[in-house]
Amino acid sequence: KQSGAQTEASSSSDQSAQGQAYDGLSVKKDGHLMTIAFNRPKKYNAITTKMYADLTEILNTAAKDDSVRLVAFTGVGSYYCSGNDLNNFMGVDPSDISKIAKESGSLLENFVGAFINFPKPLIGLINGPAIGISVTVLGLFDTVYASDKATFSTPFTVLGQTPEGCSSFTFPRIMGNSKATDVLMFNRKLTAAEAEKCNLVSQVFPSESFETEAFEKVKEYSSLPPQSMRYQKDLVRTFDREQLHKVNKMECERLVERWQSQECMEAIVNFFTRKSKL
Amino acid sequence: KQSGAQTEASSSSDQSAQGQAYDGLSVKKDGHLMTIAFNRPKKYNAITTKMYADLTEILNTAAKDDSVRLVAFTGVGSYYCSGNDLNNFMGVDPSDISKIAKESGSLLENFVGAFINFPKPLIGLINGPAIGISVTVLGLFDTVYASDKATFSTPFTVLGQTPEGCSSFTFPRIMGNSKATDVLMFNRKLTAAEAEKCNLVSQVFPSESFETEAFEKVKEYSSLPPQSMRYQKDLVRTFDREQLHKVNKMECERLVERWQSQECMEAIVNFFTRKSKL
Amino acid sequence: KQSGAQTEASSSSDQSAQGQAYDGLSVKKDGHLMTIAFNRPKKYNAITTKMYADLTEILNTAAKDDSVRLVAFTGVGSYYCSGNDLNNFMGVDPSDISKIAKESGSLLENFVGAFINFPKPLIGLINGPAIGISVTVLGLFDTVYASDKATFSTPFTVLGQTPEGCSSFTFPRIMGNSKATDVLMFNRKLTAAEAEKCNLVSQVFPSESFETEAFEKVKEYSSLPPQSMRYQKDLVRTFDREQLHKVNKMECERLVERWQSQECMEAIVNFFTRKSKL
């Protein structure tokens, strides 16, 4: 992964001095814009336990760093992010399940909490398929732009799990309960155009020009009056913030229960069995 | 109507043993899926006083029946449901109006309350025109699929009435206040495509393949991990449930006043006068 | 401006007896319908300090006038309304800035409060470009119809300002946070079709037939049972009214701070400098 981050950094050599390397993540600063890229292309940018902790810290630090005025998320390679690395659950000693489930729940709650609390504009630049937690937290982003190669799927129910990232609260408010349930409960995968139609995504760009067009816009935004942007975000979030933290807590508590449930274990085993047969 | 129910039952003979006959309703179980069909095709599936009571009981019983994991609503014939049977209001002795209005309000509040409280996924399969209360309660469904022959209309204002089914709360949240008012107050009828565009409906299917495609999907969903589905629905609803019951109560109280008002009586008389002239 | 109002009045001579002249506004009554038109076409219908006060009074008076059952807003000429007249801020003696900012905040809070409290249906007939405050208050309208020549833009951030009209609350609920931020923070201008797609607008009409089609509909609505309409609006608004007043207060307090900030002053100077160079 280290090498992946370096490849990414070297392709934009003018910012390389500011680039920071994390396992599976590439963080760059360009003026007042910080870009965080999921960077494990061989694993479709799946999020490891360490990446959750690193992302939480990166966001919490950027929140206090006055030189950062705007943060954008994207992915290296063809995927945006394939969500939680299911290997995070593998090889756990049965006697440790309860302990690990609680630790994972706490890790997730802090991770999502960092998005709820982030005081500056947060923009998603969705270059390709997005899955699971990388989709659900988009409801906490300020705006989302997508390449026409992006897709959005949240296969929680087939894995015996339940939604996180405050999506049980944000998704019905963004796209209405009918589409939110179709996506979150019945595993409907949205194309970029469908995601735009139901307001999860603000604008869709042709994949050929996505990097130039969408990234350029975001770069421009980073020079807008910073206080105006922060105050505006605060106006929008102030009435929901407490509610979002409650939802986050409830979602994580439910997942801690789910991860220890027979239903979830069977569903995950079925998933890997089907996968290994392909 | 009895014969209609039998026709419906016989056309799906493999489930006939589980079929239950109600006046104007047909209730079937297929594995863990319960399908409730409005079945008064000659009356465009209008809902009688008895049907409100039966549906309330069916939902409240299914809520506690572990063999039922998912409930779908649909209509027999070309209509989904033409809403409240206006004959429910006819032939009432003027001295009884106050008593009947209160009873109807109570019946309606319990009916809508059963939808608010229903703890399992509830899916609308809208095969044709839907009117009035059959449209408004869709805001309490978890997802809605429609045939391209479906339409959605709520002619409350022309009848001197006001919205129910919690639509005064759910519709602005689903489709924004601009479209919600156009539909609920100004009697705009939505096509299936328009209902999808404004997020009331999640997916639209060609009428030719609606039964196979949409019904098949719902059948598949009924085998998803049941606890995951229930917990997810609970996460979505938990913050709104109390609010929804308040809205339901307010809407019903308002209707009890409306049904006894001069404005409403004149509007209904006008409606029947116009109708009889056609 | 007086002459503009007269031109407008004379072009609809049958209502001229009921017409009332305000500087920059034309107010007409046609049966139970009151139509308020922004009428400063040479200034693209920008809103002066006096117009804010007049509009507040007009709405508060119409609220209590039983002969008015429905109010529609539109614009005279090619624009709907270009928003706050930036000249309102010009020529202010530096020592008066704090006083003027507070007065302007109070004026704005009362203006927006009149929309929050207005108890009868309020319809926007957007004939052309709408900017700033004329866009944001649309979230408080009951429904909005637009000509295909309408556009919607809210360039707050580039002017170092923040949203008003309760849009920080209503816009994310109408169009989802992703599009709301794109519009309110990143100055994305919506076409009529885009505004309809994201539910800010309910219906779009060809500009050629906008006056006949859309105005005719609104005229028809004004003969619907008035109590039904008012009670319905009250059901929809009752749960949000207190919240909306809080949001309005917060937004205005923030603007009072913004108008006195270095960031805002520099942004406005930049705006006029760029404009004078064109």
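Every chain is named by a letter (A, B and C) in the order it is written, and numbering of its residues begins at 1.
By definition in this document, contacts are C-beta pairs under 8 Å (C-beta built on N, C-alpha and C of every residue); 3 or more make two chains touch, one makes a residue touch a chain.
Just so it is clear, the model here is predicted, and its values are computed rather than measured.
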So how do the chains connect up here, line, ring, star, complete, or something else (other)? complete
The angle in degrees, nearest 5, through which chain A must rotate for its Cα atoms to match chain C is 120
Over half shared or under half: which fits the residue numbers at the contact of copies chain B and chain C, same or different? different
Chain B to chain C, mean C-alpha position gap in Å, rounds to 37
For chain B, which residues are shared contacts with two or more other chains? 173, 175, 197-198
Inside the complex, what are the residues of chain A that reach chain B? 156-158, 160-163, 168-169, 172-173, 175-182, 184-186, 188, 197-198, 243, 246-247, 250-251, 254, 258, 261, 263-264, 267
The residues of chain C that touch chain B in their complex are 121, 138-139, 141-144, 170, 173-175, 197-203, 217, 221, 224-229, 231-233, 235-236, 238-239
